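Inspection log for the structure reproduced underneath, given as structure tokens.
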Amino acid sequence: MTSHFSSDLLVILRHGPHGSSLLRDGLDAALVAAAFGQRVSLLFMGEGVMALVDDQQPDPLGQKGTSATIEMLSMYDIEAILVEQTALELFGLTPDELMLPVRLLTGATLSTLPTSHRLVLTF
Amino acid sequence: MTSHFSSDLLVILRHGPHGSSLLRDGLDAALVAAAFGQRVSLLFMGEGVMALVDDQQPDPLGQKGTSATIEMLSMYDIEAILVEQTALELFGLTPDELMLPVRLLTGATLSTLPTSHRLVLTF
Amino acid sequence: MLLHVLNRSPATSRVYQQALTMMGEEDRLLLVEDGVQGALPQMVRHFGEVQGRLFALEEDLASRGLLGRCDASVQVVDVDGFVLLTEQAERTMSWY
Amino acid sequence: MLLHVLNRSPATSRVYQQALTMMGEEDRLLLVEDGVQGALPQMVRHFGEVQGRLFALEEDLASRGLLGRCDASVQVVDVDGFVLLTEQAERTMSWY
Amino acid sequence: MRYAILLLGAPYSHQASHSALRFAHALLARGHSLDAVFFYHDGVQNAARLAAPPQDERHVVDEWIALHAEHGTSLEVCIAAALRRGLLDEREAARHGKSGHSIDAPFELTGLGQLIDLGQRCDRLITFAP
Amino acid sequence: MRYAILLLGAPYSHQASHSALRFAHALLARGHSLDAVFFYHDGVQNAARLAAPPQDERHVVDEWIALHAEHGTSLEVCIAAALRRGLLDEREAARHGKSGHSIDAPFELTGLGQLIDLGQRCDRLITFAP
């Protein structure tokens, strides 16, 4: 299981869209690493799963969202989109309500992720 | 009960010392109001009760604390030092571990405070 | 009657409990920013004691994809409704 | 073995649960800044599953008046000890 | 009614500035007046005159200035919070021996007494926080 | 060992800057090297050259500069995060048509690629956040 996710960089996204800029800051770091040729995994934890909810409309007064960036991830060859299953359940969401296909992970697997990446950044 | 606390300004302090500047920012607002002759009540809620713990030592690298300010409150005629009793219990603290005498309040009384002050600020 | 405004999600922060503690029997609670996560059916149980007095801001729901996912017990208001709530309330308290 | 660093109190934030979720069986947890509130006897139960691997930063305890109030199960380290923990750990993760 | 806003959040980092701007325009559209916005804590960053956000993002600082121009709302910045954070007008820069400044009119550096005064003078004071 | 620090918190608002400075001095005292501090998110405020804290408080900006002077640690500021927040050096100010600037050397505006590079190059990367 561990080796399956083995990669250069794990970015853990724990904040929802709009409320703070941490989600976007974390995504930007992931995109730059990917553009530099690194293999990047994204893990959406806790409130971070809110970033993936489909049907996000542009802010009526134009605050820039993150959903366009998330839809672009595969163009950056970021294919490992990992989601904490408990978080999804906490919000009562199902995978088909998300804007892209994800891989659901639970406790035991989650705790192996940090050691299987050379660098981990939490946002 | 309500009229007992009736006053001009209620400042609710919900952050502990050092971690963020919100505790100090709230205290500063209270001191300025008191200096302008207003009757001020302070309510320490949640993590805010940490502000009152005795034996706070100066930060080894000199970050300015709030305990000196709190010890000065009576000089500003701020006598209404109110504390959410549940918060004290949450941290396992007793009133004699606090740096000054306080008035402990529980649920029903707490919810009457906002209407018995002309202005309320939450920090 | 006071209006309490909460901008944090019950999924991450316990501040919603402080808001509930300080609310009078007629007071209203408006969920804004990340606070609107509390309007999801799975989350709204945290606000059981203020049922009928719970509001959520439409713009913040929409930008997060949550507009169609709100629990039926939550009253959705836009920013004009937010202003109206502050007109009707004697005072507004922010919880963050 | 990784070092996890937590700067939020379990009294206000649920982020400590995220740290615990991501911790391996040998990993250590260091409480810093407002996180040291978790070292109080009344709070330390939140960290039961990492007993023996729980540390708290002395300077942050002292500045908050909590140095003498720490639970006996918590290992108190100063900032040199913090650096030592980062030397011993393969990697450090911050939870905030 | 007479409104005032207390803004504690920095732009870009948190949504507070956006929420406050939207609320400000809505209350004005409903015929109320907005006496002042008081910038405190990280909110003082809303006055940073050198802010250069990307073209496709809102320019929050300029939007406050436009609000002042259209509606006469005072933009009051807590001086103690601002100085710590490197936000100085020309006068404070001179007083502290710094070359250059980071706040311009219509933002005004002022004391916390102004906030207390607004709280007493206005019918409604709404806080937007990070 | 070679260390790097990622700092996400602004001075005065949160303890992150103080914690990072204390940690930096401790690791240097133990004989390690500190290649760089990377300032991102609200951490870019640590570079605000006009900061004027009260005399009885620490001057965080100056302490970073002293750290650089004594130990050669690079002070790298994420340019995208900085521009949004009004933190520009002379070159960026000119490029954006602004008079005046708010960041000076030894702070350097740089891209996020530097952070990724530090993460790969150094033995330890420690994040201090608000």
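First chain written, first letter: the chains are A, B, C, D, E and F, and each begins at residue 1.
The rule we apply is simple: a contact is a pair of C-beta atoms (placed from the backbone, for glycine too) under 8 Å apart; a residue touches a chain by one contact, two chains touch by 3 or more.
These numbers were taken from a predicted model, which means no experiment stands behind them.
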Compute the shortest path length in steps from chain D to chain E over the network of touching chains. 2
In terms of CA centroids, furthest away from chain F sits chain C
Sorted by contact pairs, first entry is E-F
Maximum centroid distance from chain A, chain identifier (CA atoms): B
At the interface of chain C with chain D, does the proportion of residue numbers present on both copies reach over half, so same, or stay under half, so different? same
In whole angstrom, what separates the CA-based centres of chain C and chain E? 25
Rounded to a whole Å, what is the gap between the Cα centroids of chain A and chain B? 40
Which chain F residues touch at least two other chains? 12-13, 15, 22, 41, 57, 80, 125, 127, 129-130
Multi-chain contact sites of chain C, meaning residues that touch two or more partners: 7, 11-12, 14-15, 33-34, 59, 91, 93-94, 96
For chain A, residues contacting two or more additional chains: 18-21, 46, 59-61, 63, 119, 122
According to the definition of touch, which chains form touching pairs? A-C, A-D, A-E, A-F, B-C, B-D, B-E, B-F, C-D, C-E, D-F, E-F
Using the touch definition from the top, list the residues of chain F that touch chain D in their complex. 1, 3, 8, 15-16, 19, 22-23, 26-27, 29-30, 32, 124-130
Would you tell me which residues of chain B are touching chain E in their complex? 8-9, 21-22, 25, 28-29, 32-33, 36, 38, 118-119, 121-122
Within their complex, state which residues of chain C touch chain B. 2, 14-15, 18, 21-24, 27, 90-91, 93-96
Under the stated contact criterion, what part of chain F meets chain E in this complex? 10-13, 41-42, 45, 48-54, 57, 61, 80, 83-88, 92-93, 96, 98, 100-102
Footprint of chain D on chain B - complex, ascending: 16-20, 46-47, 50, 53-61, 63, 65, 67, 87, 90-92, 97
